[in-house]
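The following blocks contain the structures, represented as structure tokens.
The following pair of complexes shares a single chain, subunit A, combined with subunit B in the former and subunit C in the latter.
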Partner chain A sequence: MRRALPIFVVLAGLLVAIAIVNPYFLEPPAFLAFVKRAAPLVILAAGQYFVIVSGEFDLSVGSLVTAEVVIAARLIDGSAEATWPVLALMIAFGLIVGLVNGIVTTLLRVPSFITTLGMLLILSGAVFLWTGGSPRGALSEQFRQLGRGSLGPVPWSVLILAAVAAAAVCAMRAGFGHTLVAAGDNDRAAALSGVRVARVRTVAFMISGLSAAVAAILLGGFAGVSAQVGKGLEFQAITAVVLGGVALGGGRGSVAAAMAGAFTLEALFTLLNLYGISGALEPAVQGVIIIAAVALGAVRFPRARAAAAS
Partner chain B sequence: MLRMTGIGKSFLGVRVLGGVDLEVSAGEVHAVVGENGAGKSTLMKILAGVHAPDEGTIEIDGRSVTFGHPVEAQRAGVAIIYQELTLLPERTVAENVFLGREPVRRGMVDRAAMESATGELLKSLGEESFGPRDLVRRLSVARQQVVEIAKALSLNARIVVMDEPTAPLADHEVELLYTLVRRLTARGIAVLYVSHRLREIFDLADRITVLKDGARVTTAEASSLDTAALVRLMVGRELDSYYPPRAAGPPGEVILSVRGGGNTRLHGIDLDLRAGEIVGVAGLQGSGRTELAKALFGAEPFTTGEMTPRRPRSVREGIAAGIGLVTEDRKAEGILPNQRVRDNALLVARATGAPRNGIERLLERVRLSPPRPAQEIRLLSGGNQQKVVLAKWMSVAPRVLLFDEPTRGVDVGAKAAIHDLMRELARDGMAVLMISSELPELIGMSDRIVVLREGRVAGELPAGSSEEAVMRLAAAS
Partner chain C sequence: MTQQLKLRPVPAGGSLIRRLSADRPARPVYVALALLVVLGWLVFALDGGAFLSQENIVGIQQRSAALGIVAVGQTLVILAGSLDLSVAYLISLTSLVTAEIMAGSDTGVPVAVAAALAVSALTGLVNGLIVTRLRVHAFIATLGVALVIRGALDARYDGPAGSVPESFQHLGYDRIGPLPVSALLWAAVAAGAWLLLSRTRLGYRIYAVGGDTEVARLSGVRTERVVVAAHVLCSVCAGIAGLLLASRLGAGAPTVGTDGGYDLESIAAVVLGGTALAGGRGGVAGTVGGVLLLAVLDSIFNQLEVNSFAKDVVRGVILVAALAIYARRRRTR
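Moving on, here comes the complex of A and B:
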């Protein structure tokens, strides 16, 4: 938690900065709207965290989100009855994509960077082929409620986010979380202590796939159907996780900080937007953040190590 | 030739060196000894320009020098040969020797000049088993050290620092290193020799500087000290009973038994481990000691032979059968460096879903001091890290515990504590197997000694056998 603290300070600072420009921001409706907008990215960041802390990457989540939304629109095609079965199918599809990523990475020993980059291309190519560029079909009203609607004053997506966050924190506190971090920190030592490294890493990829499915459900409702809905989300999620102080290469950082990183990224975009800075700058800002965050982590680390070695 | 005066250094507010003086003359082998954390490595890194001292001066040949960067130290004639070699494995010997300052002729690297100069250097070091064009990857660690030294000479080094140079060497290679050191001193080069192995220090050193807790205890002629006196200086107390007493009664029932165990590295292994007994395993490097431990544990399983309990085919089966392994390479295979002491100590229990004991009791049991479960393990000394590794296994109460070089890189005080713990575990009914390339330790600890040679059991010796008897079995052809 000590290491995770800076990101919470940064997040609080950004929220205050937004509130100064827009005094209504911290009032419940506006703030809930902000959380609702951030929810898909926060969920993706939580999923990405599991993969990164185990020492791998998942670049496939962005195109997985797109594929999920496009498939759902085509299968539901506006029909209310189809909604629930298709939701179940989306979850299953996310898990299966994660399973394939995991098995290819751990058993076939293809570096996850390549595995998931390949999966990104396969999924986006398949979506393109299937839709010919413009998705067909439509989501049902029930489906869209999850991303748009609310239960009383609280949006459904905020409730779903809360459930995901609680589940993620619990998973990391359980034995599974500890063995996952162990695999990311030193996989040889972990394996020689009885950790099933391949299995926990595969489960991490499945969690990431699951998080992409959930994010797709929220985004489909919130933003509607398009072939661009998930574009760039994998990099946003990785940026968020790194911003949360989670070490690339695994073994360090908390899931709460990763999610705070996603909120921070979203808050930063909101602030830029408030100042009228073009949304086109977002990728550039993100690029600066990811380099700076990794560089900061790299600078801190050897110093601490030098002190330890002496 | 070299004079360091009043050297002090702090890291993150923790003082690791204070007021250390060191004088070295040309052609001298000067040993620097001390427990882990005494400040040896820091002092050497200051000399090599890796760290800048907070206070104190360095003079070489009477001229005051300051090093802002290792390259400046190199230019001033200081070369450091680290425990972990820094050569590029996919380059040739000559390319490594001249790395970054290749001779150039008409804008091209002059390979011929580079190779002939390297050849000369190797010849002057009496090295004929390889040449300047060989790939470094193909050389043994001992030969790679020769390359490092050739590189130092090509830089006109006058002070060569060797940090635990024999740690990666097989026993028979140590003799080669001795020869090399003597060749260097014959040329008037001063050698600063950092090592844990006291015997080497007495074999080589002219003078010995003892560091303790970041300060110099003394500098003395090697001939004026003996092992006991040196240990006393290092730890500040007498360690006359180096090893805990052996088991009093006869050993208990057989807990683990192998007949005809074999795999690609081991052949026809017969071995019984009994409750209450410490069995030592001796052998030269490459004789299959580590492979034996990993086979018994299930990490690199036996593919043939009978074993009770059932031959483990994986680490998890080994753990389920009540077997634990304290690995040789603590950093690469033993610890999770970025995790807390608590998470390291509970790893096996968590991985196997075993019920866990309280972490405090566990750390108390292995006498970790101070027992801070929330501290990151990489900040601990080697000895304390090893105690945490031990706690990791004790959390699942194995019936057989295999120790592979349990006290390597561990300071003298923690070493005694680990020895006591091993004996205590045996007394409580565990079967203990211990691999060590330090023969005095092996003989001091073991109730019997199994000697391996080329993947086979060469023979078995009773407690208290002589080093000579062990070596004879291990090296016989």
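Moving on, here comes the complex of A and C:
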């Protein structure tokens, strides 16, 4: 947990910095709007955390989000009755994609970087092949409510985020979480102590697929249907997780910190906007800050890292 | 017993040079390439074309030259146990640097080439230092550098800029007999990298560091320098690809690298060629095979007029299937 502390300090600092520029930011409506905007990335980061802590990568989540949104729009096509079955289908599709990623990675022993890169190519190609190059159809009003509507003052997406966060923390506290971290830290040792490494890793991939489905539901409602909706999200999610102090390669870091990393990234975007750093320079600033943040995290514990690496 | 012999083509007691330079993992990719060429020949014959015609072969070489050069560089970093996701943006950047400095005049050519290579070497140095000195995982380090380059490009350019003189365009389009100059350039880069890996100290050290950093360090290798050198060489390769693309386009373009997907695609070509993503095993010969495989596949798709999205699907399937087969072979060994 001590490892996770810096990210919360950074997040608090960023929120204060935003509040100084924009005093209304910390009032409930504005803050809830911020959380609502951040929710899809935070959920994706939580899903990505499970995969990364088990020692793997998931590069397919961005194209999975796009695929889910495009499929939903095509199947719903504006009709209200289709909403719930399609939602169920999206969840199932996310789980299946995760299952395939997991099985190919664990049973066929393909490095997850390549498995999920292949999945990225397959998903983006297949979806656009099916829709003929540009997304068609429309989401129904009920569907969009999840992304943009609210229950009283609290947006639905914030409630969903809270539920996802609680579930993620519980999962990591349960036996599953411990075996997952053990598998990520040293899979041989874990296997010898009776962990079914292939199984827990596959489940981690399925959780990541599920989180992509949930993020797609929120993003579809929030941002609408486009072929760009999930673009670059896989890198943002991985960056968020690493910002949270989770080691690439697995075995270290907490899910709360990973989600805080996603909030930090989103707060950073907000702050850059407020300071009028235009869209063009934004990636440059983002790149420098990411490297700096990860470098600081690494320099602080060089001994722990070297010991763990050997 | 015969089976065992088939699976271990090189005896474990072979000399160090043979074991390090023999691209054992490269064999399956050439088998696959041969099969694909036969398939291509059949497809073209049924379709009324000629696969082994000069135009088609030249086309394949020309299309694959840029990716091939980047992939050779990527091989070096991957062998050293690292990774470079910044090559795509770096290619765009060097294409712009080249075209802007040349500005259509012949006198600017040497300066522009030198500047483009210097910019790429510097980027590689930065990548390498971030990975080794700041101990940032290569994935994040090069992704961050990619973002920085992207920001600089977005801020300055909205579209193609600069221009390249006629004389420099020869690099992209000319042929010496049946061989395009670009393919010769690729061959030269690949041969250089092969010599580096199989005949020089740095080459052995790249394998050693990629295989096990800690063991290499304990054996007296300055591991950090090796990783930095690999990154510099990789970025210079990307810079050469940028020069080539600038000469093809006649100008620099801020999206030429990302449109080509050179970052992920070069990694895909490297691993298709049997180089282990974790480092320390593989080689340039396999990468060349991997790039040619992708190019032949492309030419078959073009002949069949397959939708470009379907190409992506098939590529993804082939990538995963190939790696699954490699993993099987390694386990049975």
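A few notes on this one:
Rule of thumb we're sticking to: the second predicted complex is superposed on the first by the 280 of 310 C-alpha atoms of A that agree within 3 Å, B and C clash if a C-alpha of one lies under 4 Å from a C-alpha of the other, contacts with A are read in each partner's own complex, and residues count from 1 in each chain.
Everything below uses one rule, namely that a contact is a pair of C-beta atoms (placed from the backbone, for glycine too) under 8 Å apart; a residue touches a chain by one contact, two chains touch by 3 or more.
The shown structure was predicted, so the numbers you read here are calculated from the model rather than taken from an experiment.
Shared-chain residue A:Ala190: touches subunit B; no touch with subunit C.
Counted by residues of subunit A touched, the larger count belongs to C, out of subunit B and subunit C.
Shared-chain residue A:Gly251: touches subunit B; no touch with subunit C.
In the superposed model, A:Val181 makes contact with subunit B only, not with subunit C. Comparing which residues of subunit A touch subunit B with which touch subunit C, the overlap comprises 305, 309-310. Subunit A meets subunit B in the complex at residues 175, 178-179, 181-182, 185-186, 188-196, 247, 251-252, 303-310.
By the touch rule above, subunit A contacts subunit C in their complex via residues 57, 104, 108-111, 113-115, 117-122, 124-126, 128-129, 133, 235, 238-239, 242, 248-249, 278-288, 290-291, 294-295, 298-299, 302, 305, 309-310.
Put simply, subunit B touches subunit A in their complex at residues 9, 11-12, 14, 16, 37, 39, 41-42, 51, 299, 315-316, 319, 325, 327, 332-339, 343, 346-348, 350-353, 378-379, 392.
Note for the complex: subunit C touches subunit A at residues 130, 134-137, 139-141, 143-152, 154-155, 214, 264, 267-268, 271, 277-278, 307, 309-313, 315-317, 319-320, 323-324, 327-328, 331.
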